[in-house]
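Consider the two complexes below, in which subunit A is the common component and subunit B and subunit C are the respective partners.
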Partner chain A sequence: MSTYTIPVGPLHVALEEPMYFQVQVEGETIVGLEITAGHVHRGLEYLAMKRNIYQNLTLLERLCSLCSNNHPFTYCMALEKIAGIKIPERAEYLRVIADEIKRIASNLFNIAMLAHIIGFDSLFMHVMEVREIVQDTKETIYGNRMDLAANCIGGVKYDLSDEKIKYLIKQLDKLKKPLEEIIDIYMNNKFVRARTEGVGILPKDEALRYGVVGPVARGSGVNNDVRVKSPYAAYDRLKVNVPLETGCDVRARAIVRLREIQEAINIIQQCLKDLPDGPTCIDYLPEIPAGEAVAKSEAPRGELIYYLRTNGSDIPERIKWRVPTYMNWEALKVMMPGNKVADIPLIINSIDPCISCTER
Partner chain B sequence: MASFLKIALRNLFKGPTTDPYPFGETFVPKGLRGKAKYNAAACIACRMCEYVCAGGAIQIREVADKSGLEFILWHNTCTFCGLCEYYCPTKAIRLTEDYHTAHRQEDKYRYVEKGFIKYVNCAECGTPMVPISPELLQRAYRQVNREIERLRHLCPKCRQKRALR
Partner chain C sequence: MTDIGHLIFNLLIFPGGLFAIVLGLLLMGIDRKIVARFQRRVGPPLYQPFIDLVKLTRKEIIVPETAHLQAFRLAPLLGFAGMIVAVILIPIAGVYQGLEFSGDLLVLLYLLSLPAIALMIGGSASSSPFGAVGFSREMVMMMSYELPLLLVLLTVALKVGLKTGGIATFSLSKIVGFQLENGALLFDYTMLPALVAFLIFIPGTMGVVPFDIPEAETEIVEGPILEYSGSWLALFKLTNALKMVVVLGLAVALFFPTPLGENTMLNLLWYFLKYLILLVISITIVRTSTGRIRIDQAFKFYLKYPTALALISLVLTLVKG
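So, the complex of A and B:
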């Protein structure tokens, strides 16, 4: 059988983002893969170094849409580390709540995309409809469906009144039953199983070798959840159960994401129960001395690392971030070979790629 | 498969979940971050909003005849992040729940929120200055007595003199 190289992309393969792959196939079977990056470079690192620390809160939130809360969150943690700011305890809990709400919406989106790719569009519609519960919650509590604008230097910009807490609890309860139904479908529906089981295998040793992060790692049985391994914000006071799967395939990663939604609901409920009183932000405008810091957090796609260097002025001297997709897309070289051409979008979607963060 | 059929049927009987916008009303929660509204009477021209605005949508500059300061916010450049509102000490700038931003192409550069802060003259020396808004006094003193009320009409230099006397 002869070998061909087929181009996939740069127009969207799974999500509406430009990715370019050159896939070597032998008949219908994939034998090799080349990734060409850089189609959506926007010069954001440079832009961030031209703006002051406050403007960057807004700029960094627009780095990515689905994990938009994690960027300003991690950036704030890096700044606070440099300036030695201790944020109020209530703010730590509120940051966790914002983060977990975003995680629910992000994971539901990826799960819906999976259904769309395997041609199960009625399931796609249903999951997106369930996701609207979360979108409405975000709009009501934060004022926007995607960009929460929850973080500011030294705390958070929003507060939860008793009324809003009640609303949030109600919305989370509303989510639970449809979520269980969805999990049942993804685990047991024979069409979903036929397309996802045994596809895009990433064995545990390869997962460790490539250093994959987030649900991709946890789908291969590797637990490197930052929330547990090096807790930040209020995570050291919360009980976080990390769902692990050993299937190593597309299905295992999808189930990890679904279980994480359940866990996120659980974490928000814990936060609302323990939510301490007090201020939500420091009451002065901090001065940021010269220094450097590294901060990390667990974004919906995995570990997000920020490096920040300041020089005493209000404009960062260097700001750099390593996003989860950067680690995960290399592992596609292991997941792809041996699978069929029709599974390419499905496997790409299973790492939940975020190209706009990765190529900024 | 049967389990999903049940859900699909349920959704079918539930009817559409989308809103009939723009022909009908749509979901607008209280606290939605929409178009910003500016109140010149409360503004103290500290320029914090101009400083924190990531898009550079806000400008405060002196008008040509030097009679006051003009505030301009370009709605088309605004990202509705709400930093200006958050850092405004007197809440002179607020995000409204109005999210309607459709306008004609010819109005592109006129689609702005504007305000004018007219300078007042110092009661003692007559130097033009930005008026001190009641919102700022409220924030600084909580209870404003007659002495503070008098200081309010003085420029910073005269205020210093009065305080040292």
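So, the complex of A and C:
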């Protein structure tokens, strides 16, 4: 049988962002894959080195939409490391809350996209409707549906009043029941299972070899959750259960994401319970000395690493980040071959690619 | 046979042509509205398919440079022509007799496969790799749903044929006539499996989720019709609307043609109501409650369940007469 190439992308209905995959197929079976990147390169690294550290907070938040909170969060941690700033304890908890809320919204979005890709539009609509609960919460507490603008150097920009805490608890409770239903559907619905089980297999040894991160790794039974392995902010004081699946397929990754939503709800509830009193931010404008630092955090898609070098001025000398998708998309070359053409978008979606972060 | 003037009227105004197009588009609008309500959306207005078509006809037609022009242009016409002829073969009991000749069921069977063939020709002529994938998928789909369809038609033909003293009657008007005298086949338990098989066949041939595999939007971006634009695309949409009328009409004619009474208008409304019920059962509910399956899964599915059901009916018919 002859081999021919199917172009998936740069603009494809099932991809949210431009990305170009040249898939070699034999009949309907995939035999090879080539990834061409660079369609959303906006020169953000360069831009970040032209602006001062405060302006960068705003800039980095706009790097990507779904993990927008993690970028300024990690950037702040790197800066604070250089300047030796100890942020107030309340701020650490508030940072965790903001991060977990974003994680819920991000994972629900990816799960909804899975349903859309397999043509299960009713399920897609249902999950997106449930996600609205989280979006409403974000809008009420932070004033925005996407970019929270929660972080600032030395703390956070927002505070939770008693009223807002009550509201947050109510919203999380509202989320629990539909979430259980959704998990049941994704685990047991015949049509979802028929399409996701045994598709896009990434064995554990390959997962380790490619160094995949986040839910992709945890779907293959590799636990490398930064929140547990190298706790930051308030995570060392919180109990984080990392959901692990050993299915190694698209289904396993989806279930890991769903379980992570449940875990995020748990974490927020723990935070709200032990939320200490005190200031939410340092009360002076810090001076950043010359130095360099690396900070990392667990974004919804996996480990996010920031490298930052300063020279004493208010403009960073070098700022570089390594995003989770960069590690994950190479593993597509293992997941794809042997699957059918119908599974291409499904497998791509299963690594939850964030192209804006990766190509910046 | 009716005279030429009558035939042209049937072909262009009623029950084919204008009437069938309006009916088909209206059914599609209703289907979209119900699906939207199931998904808690407001949904488009009922006339949305009509204005979509009007808009499409006003758009520019773009032909890919590498496409085979003749085949690319003829494909939409082929499907449309096939369906417009197929519509006048379907009798509406109490309103319209159909063309009364003895092999119309067989002709209909051939005509029914024309839209799929048109899609295949268009897809492969477009020279797009998605078209090529769509072509092979359409072919597999056709092979999988044609077998149960054939068996169902054969069963009905045998049933009516044996009862009327022949072997098999491949005449729709005779089948309808038989049911008008002896009661609808819907109420005959030996025909129930065949009816279910036919209901399963409908979403497959109409290309709706879970069987919209040849045109899967999120996988191969509409496949065969990806490169079509403007009024040629509109022809494909029209073909689909007509096909819905033909397929649902065939189901009504085969299993439940019973009219309400003597009044033509009342019969027409009754006929419309039957269409609606069939539409909701076999298309709307199916497509809201399922996700798309893979082509290999669909192939296995069709060769297993509908075929088995149709065979049960066939055997029962042969045994019981």
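One rule holds for everything that comes next: the second predicted complex is superposed on the first by the 357 of 360 C-alpha atoms of A that agree within 3 Å, B and C clash if a C-alpha of one lies under 4 Å from a C-alpha of the other, contacts with A are read in each partner's own complex, and residues count from 1 in each chain.
The working rule: a residue touches a chain if its C-beta (ideal position, glycine included) is under 8 Å from a C-beta of that chain, and two chains touch if they have at least 3 such contacts.
In this text, all values refer to a predicted model and were calculated from it rather than measured experimentally.
Of the two partner chains placed by the overlay, only subunit C lies in contact with A:Asp121; subunit B stays clear of it. By the touch criterion defined above, A:Thr3 lies against neither subunit B nor subunit C after alignment on the C-alpha atoms of chain A.
Once chain A of one complex is fitted onto chain A of the other, the partner contacts of A:Glu132 are limited to subunit B, with no touch recorded for subunit C.
In the superposed model, A:Thr29 makes contact with neither subunit B nor subunit C. Applying the stated contact rule after C-alpha superposition, one finds that A:Asn241 touches neither subunit B nor subunit C.
Contacts of A:Asn223 after superposition: neither subunit B nor subunit C is touched. In the superposition on chain A, contact is made by A:Phe191 with both subunit B and subunit C.
Of the two partner chains placed by superposition, only subunit B is touched by A:Gln55; subunit C is not.
When the two structures are aligned on the shared chain, A:Asp147 is found in touch with subunit B, with no touch to subunit C.
Residues 122-123, 125-126, 129, 189, 191 of subunit A touch subunit B in one complex and subunit C in the other. Against subunit B, the residues of subunit A that register as touching in their complex are 51-52, 54-59, 61-62, 122-123, 125-126, 129, 132, 136, 139-144, 147, 149, 152, 157, 181, 184-185, 188-191. In the complex of the two chains, the subunit C residues touching subunit A come out as 38-41, 129-130, 132-133, 136-137, 209-210, 212-213, 216-221, 288-297.
In the complex of the two chains, the subunit A residues touching subunit C come out as 4-7, 12-14, 25, 27-28, 115-123, 125-126, 129, 189, 191-192, 194-195, 340-345. Listing the residues of subunit B that touch subunit A in their complex gives 1, 3-4, 7-8, 11, 17, 27, 29-33, 51-55, 79-83, 86-87, 95.
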